[in-house]
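For clarity, chains are labelled A, B, C and D in written order, and residue numbers in each chain start from 1.
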Amino acid sequence: MNNLILLVVLPLITAFLLPVIDRFSTLAARWSGPLVLLITTFIGASAWLQLGTGAVSLELGGFRPPLGIVLYVDQLALLFAIAVSFGTLLLWPYGNRGGLRQQTLTLLLAGSGSGLALSGDLFNIYVFYELVAVVSYGLAVSLRTPAAFAAAIRYLIISGFGAALSLAGIALIYDATGTLNLAQLAQLAPEKLNDLQGLSAFVLLLIGIGVKAELFPVNTWVPEIYATAPKRVSALLAGLVSKLAVVVILRLLVLIFPQPEAHTLLLVLGILGVLTGELAAWRARDLPRVLAYSSIGQLGIVFIAFSVPGEAGVFAGLAMALHHLLIKPALFLLAERWDGSLAGLTGAAKASPLGAALFVLFSLSLLGIPPLPGFWAKLLVLTSLAQMGAALYYTGAVVIMLGMVLEANYLFRIIARMYQKAPSTGTPPGHGRLDLAISSMLGAGLIAAVFLLAPLADRLQGIAAQTVDVNQYIEAVNPVPTRNPI
Amino acid sequence: MDMGTLMFAGALGLMLIGTAALVLSGHLMRMVFGLALLESGASLLLVLTGYRSGASAPIILDGVVPASMVDPVPQALVLTAIVIALGVQALALGLVLRVHRAYGTFEMREIRRRMERDICDQAGLELPSSNEVPEPYPGSPKPQQGEY
Amino acid sequence: MRQYNSMRRLTSLLFLAGLGLLLAAILQRLNFGQPPMIVGDAINAAAPAQVGAANLVTSVVLAYRGFDTLLELTILFTAATAAGLALGREPGDRLADPEAGPIVRAGADLFFPLLLVVGLYIIFHGHLTPGGGFQGGVILAAAFFMPQLARPASRLEHRMTTLIEGLAGATFILIGLLALFEGEAFLTPLLGVGTLGTLLSAGTLPMLYLAVGLKVGAELAGLLASLAEMGAEE
Amino acid sequence: MTPLDHLLLLSALTAVFTLAAGNIRSAGWIATLLYAAQGLALVKMWGMGYGPEVADSSISFQLLGQTMHWRFDSLSWFFALITVGAGFFSSWFASGGWADHYRAQGNSLRLFHSALALNVFSMLVLLASGDLLSLFIGWELVSWASFLIMGLASTRAMGYAMRYLTYAIAGAMAILMGIVMVHAQTGSFEFAALAAAVPGMSNGTLWLLLLLFGGGFGVKMALVPVHLWQAKAYAETPGPGAAFLGAISSRMGLFALILVIIQLVGIGRLVGMSIPYTFLDARDLLAWVAVFTMIFPTYIALRQHDARRLLAWHGVGQTGYMLLGVVIMDDLGSAGGLMHVFNYATYQAMLFMSVSAIMYRTGTADLNQLGGLVTRMPLTFIAMLVGIIGLAGLPPMNGFVSKWLIYRSLVAEGMPLLFVGAVIGTLGTILSVYKLIHNSFLGQLRLEHAKVEEAPWSMTLPMLSLAAIVFLTGYFPGVVLDWISALQASVGLPVLAHHLGGVHFAQGGLDMIWINSLLIAGIAIGALIFYSTGRSQRVHQLDNYAGGHFLSADVRYQYSDNFYPGLLHLIGPWYRKSFRWAESALVSLTDALSLAMQGLYRQVQPSIYLLITVVIALSWVNIR
């Protein structure tokens, strides 16, 4: 288990050395990244098999918590760490697209993303979060167009604002508790953070981390970045980075801020996210921005789900998040060649039948059409909302359904266009082989999930149960209860 | 006014000035500086949480362990936070320079409009119709009759 | 439009005032001067024996929270890479900055070795006194950046900085991994504690700080050079 | 493997076969045989047509502590019989000449056949649903299968299909909300759990459930006011597809309504749920919705001049009869409503087929461009004649029986206003179906159609078979009423006592064997007189004068456009397009909101959102 740190540092050290390796052999530099990601995926997978339903903490530097930094490895963290490694492997800039710097940045994203999922220390999470942020600014400007630079600086300003606020939030928490270890914070939270100061810290942290998680209303960067970045990068940001931020928010919510106010805040912001995202997508005129707005809406649903306290909400939210994690990258890859106006997609199915068929499949699952996995995830969200019974939760359910009606309409408007006869003035382009292969793989995964629903659901329920089990977290980390002598 | 209030007022003031620069100014450069101020304010707040009245710095000189030392952790955290902020600001400045080179302006409104226009051009779309009639940017061709 | 602008300004001011009031209200409640110090006291008590650095902040930075330090180095590296991606110049671009005057040139030549020595000194004494890798690294960066200010035509050797930053970063991680191969946790300090307060104490800490210093120096010099070249291009 | 497994497997096999080999020439014929095999599988389950038998499927899924399972009972069986029958006849119709024609137009036959097979399969899955979850899954499958068959023909058809899709998803979401609410109340998706929980539910909860389920199912049935999508979408579907959809697709809504609202919630509870401030209750609400559905679309049909749209608008209206009959909920009325499902399927399929046959030969379905085809396409004429007699509800066809049962029950139950509404609806039906047959088959033959031939046997045979069914079940309605009484017993409605010829009760019943025999005897006597006197002489249509001039074939003497000018002038002001207006207003509102939201995301200074959110959230927290 100790070697799980390699999930983080192996990509980092490779990224540091990539320019050096490149000096000696371009070929080696080009393939060392995928190789390292393959290795980390393997390490993660073998750890997953070893872990079972247990949880372990890695004490970095060998210091007993809460003195040092710990990584907390449970199924949730490991799942997302593996997803990051594997996801970056899939979305790697193969064929030397974008050159050495993009490869370096992608490796850094893999390392920092895994770290963000695994970290069990509040400030360490902040550092990882900033690292992920800086990597995403770098990736966002890959195309080096003026619009990309403008979008990136706008993104940076919102994100930096949010980060500064979360730093202030961390200061508030540290002031109240004197520790940064999540396990110890979980121990102390009912006593020390269950007040105005704690809630204010939550607000600041939520808004800060919400920037990456596409939380309304700090998500104005989403359509701009996704329209100007390469679609591979959009896939990484929408698929992986947003989910990592979501996982961090989930951890904070479960461990430190179980107050009803925190959940209500998340619920309201989630509802607004679904409403604004889906409505804005209704009239979006190019595919990247349709996907961007839809992504905002989908993450809104995830937040609505997490606002249901207890295992049911976490289960539903994780199902939604994982589903979106699978679907959105694939859709963005398909949009790589289809990034012009929607009108330009007329007849696209003729040029790329497989691409169009995959687009239909992913759209159907995104809408939640049974028996595709998206339906079950949405059903979980809706049943958990209905179980709450309160009016605001019912509003959430109604808004999700309204969103689905809108989403069905705008996605199928696009699909209908694709299957029309192509205009005489040039057909839209087909897909690159690599994009198509990766999307097909994800599509196959989606279909496989249909047949493995029951075991997957059981496993996911187990993960949700473990995630909400605060005692297990505390016991696994076992912070020494040092108290202030004063 | 005791020391603590003054210190906290400083942190609060830095954060407010930074925020003001972010929301009130449309100038990109000022926004980046505002961001730096905001970060400094937050860092100051963080380091203040480790202050203990009447304690000495956490350095053991000549093997003598002081009776009461301040919390070393926030100092280390702030060290990290400052370096992070430094990196982000360097990158931000680079991006600002790039944007200025491309669009010839630091004005956020103008930059946003040019960006929207670039995105639409690239996608082959008309600019979305807006109630705000945009002024022609510096150096732009004169709008034809009925273009807007 | 002007009206819209002033409306927005008014709203912003209103909410700014709100933020100020709220933050003031929250900060009122902080216990300044009497922190809980759960972790802080424990570290103060345990660090001399566990780590052996006289400067406890250094113990925290490099030992207890060494991982954070690695990450912040990574952030610097990432920022430099991203800035390189953003600012990267096409080969053959000419630089337009004028040559600096003789005083600046002479000063740069004079200060270069001085800054180098000061920077290295600060790095090596980081575990004893205030200062350390970052502070020293910044001074190193200044040392390497100053000649470029003096002679813009002579470009900073980017190949050199990338080599240094790559190797320095890798060294940091390798020192950490060494412990892993010994069966300890990542970044566990090795080589014993030594005598508190002497130069050769605190185990691998000074080595880590050297790596940090070199990396920060190379990183910052590279970043500054990129910015300068970007500004000079035209 | 249970018999139900066999049926579902066969249906799935049909879908797979058409998907794999739909392009070969004989694919249609093989598919038709496969539908026949499905029919045989249904016949093997004959027991539930006549008694309280239930067949379970051996397939079931365990998920999240819920079991999903599928089963057939008398209700499912009755609807499945119509579904498979409609699939069989549509596929048959689409197999020969029509297929070549369709392919020659550049369409994909594989797509059409597989869409049809998917429709049949998904409907069978829906009919077999054994709990609320499988009901919803089946529901969604049906919706998407219909979307597929509606949209595959042309860009315009796709536009109407998109409109359908929006309505359908909205409806499905209402149903899902209802299901989720039931789950929240009972912790289960089982039918039995809902039935058990109903007595304990408050009227408010039940109203909400009724509106959600009723609204959702009503979308599929195209009840007023959510009826707008149906007519155009069906009309643009390729001929046999329209026949299939028109025959059965909307009936899925009725099936689900009967299942959830009548079988599970129960009649007694519906009558007990009064609408505040009125003397109406939930059942009256449904009945009045049914009556409005009967009237509005029928009179819209009157104005159509595209034969397919005329028929499709009718289809919307006829749903009202079925719903009205069912919600009267006595033995006569519900039997009438349910029998109407069967009857309507037979003649609506036939009518769409005959229109399709006309289009096949003449290339148009525009009633203003047709006329006089009776001499050229006599068999198709017979089919359409039988169909419109049925649609108008006149003896000797089966439509008469079902409508008679409904009227009789309205009178018997003392619902005069509803009765009047139903009569107004029927009046519109008669007028517009007359327009259909007159403008297409009667009157002056157009010059360009002088050489039109009868449709090929592959098209006329299915039509004539259907015509035979319409006639025979009109002669012996007891055949269908047997199934319906089994259905009534299984759903919990009062069972209708009947015999082969109809029903009998003290105040006088209905015996179609007598009525039809008399009618046929009368016609026979008339024919005898007509032919025995030998006075009739066949003359050419143009062997005539007009204003002292000889008629010539190139001049139109008989106009078929602007039919019923007087009547339309009279009722013209009532066509206000209010529903259309409401629909487009909703779309415009969404558009406007969408643009506003995009504006929100295009904020120049996004940091201000962050500030505002932080301030509002912090102060909210503070106030708490």
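What we mean here is this: a contact is a pair of C-beta atoms (placed from the backbone, for glycine too) under 8 Å apart; a residue touches a chain by one contact, two chains touch by 3 or more.
What you see is a predicted model; the values in this text were computed from it and never measured.
Closest chain to the protein CA centroid?
If one averages C-alpha positions chain by chain, the most central is A.
Pick the pair with more C-beta contacts: C-D or A-B?
A-B
I'd like the Å distance between the centres of chain C and chain D, where a centre is the mean of that chain's Cα atoms.
Centres of chain C and chain D (C-alpha means) sit 74 Å apart.
Can you give the whole-Å distance between the Cα centres of chain A and chain B?
25
Starting from the mean Cα coordinates of chain B and chain D, work out the distance between those two points in Å.
63
Measuring centre to centre with CA averages, how many angstrom lie between chain A and chain C?
So the centroids are 29 Å from each other.
Find every residue in chain C that makes contact with two or more other chains and list them.
Chain C, residues with two or more chain partners: 12, 15-16, 19, 22, 26, 30, 34-35, 37, 39-41, 43, 64-65, 68, 71-72, 75, 78-79, 82, 86.
Give me the residue numbers in chain B that touch at least two other chains, ranges are fine.
15, 19, 22-23, 31, 45, 48-50, 71, 73-74, 77, 80, 84, 87-88, 91, 95, 98, 108, 112, 128
Mind pulling the chain A residues that touch 2 or more other chains?
123, 127, 130, 134, 137-138, 141, 149, 152, 154, 157, 161, 165, 175, 178, 180, 196, 200
For chain B, which residues are in contact with chain D within the complex?
So the residues of chain B touching chain D come out as 19, 22-23, 26, 31, 108-109, 112, 116, 128, 130.
Touching chain B in the complex: which residues of chain D?
Per the touch definition, chain D meets chain B at residues 595, 598-599, 602, 604-605, 607-608, 611.
Any idea which chain B residues touch chain A in the complex?
15, 18-19, 22, 28, 31-32, 35, 38-39, 41-43, 45-46, 48-50, 71, 73-74, 77, 80-81, 84, 87-88, 91-92, 95-96, 98-99, 102-103, 108, 111-112, 114-115, 118-119, 122-125, 128
List the residues on chain A that touch chain D in their complex, please.
Going through chain A, the ones touching chain D are 154, 157-158, 161-162, 165, 196, 199-200, 203-204, 206-207, 211, 217-223, 261, 265, 269, 275-277, 279-284, 293, 364, 367, 369-371, 375-376, 379-380, 382-383, 385-387, 389, 397-398, 401-402, 404-406, 408-409, 412-413, 416, 419-421, 453-454, 457, 461.
Inside the complex, what are the residues of chain D that reach chain C?
Residues 605, 608, 611-612, 614-615, 618-619, 622 of chain D touch chain C in their complex.
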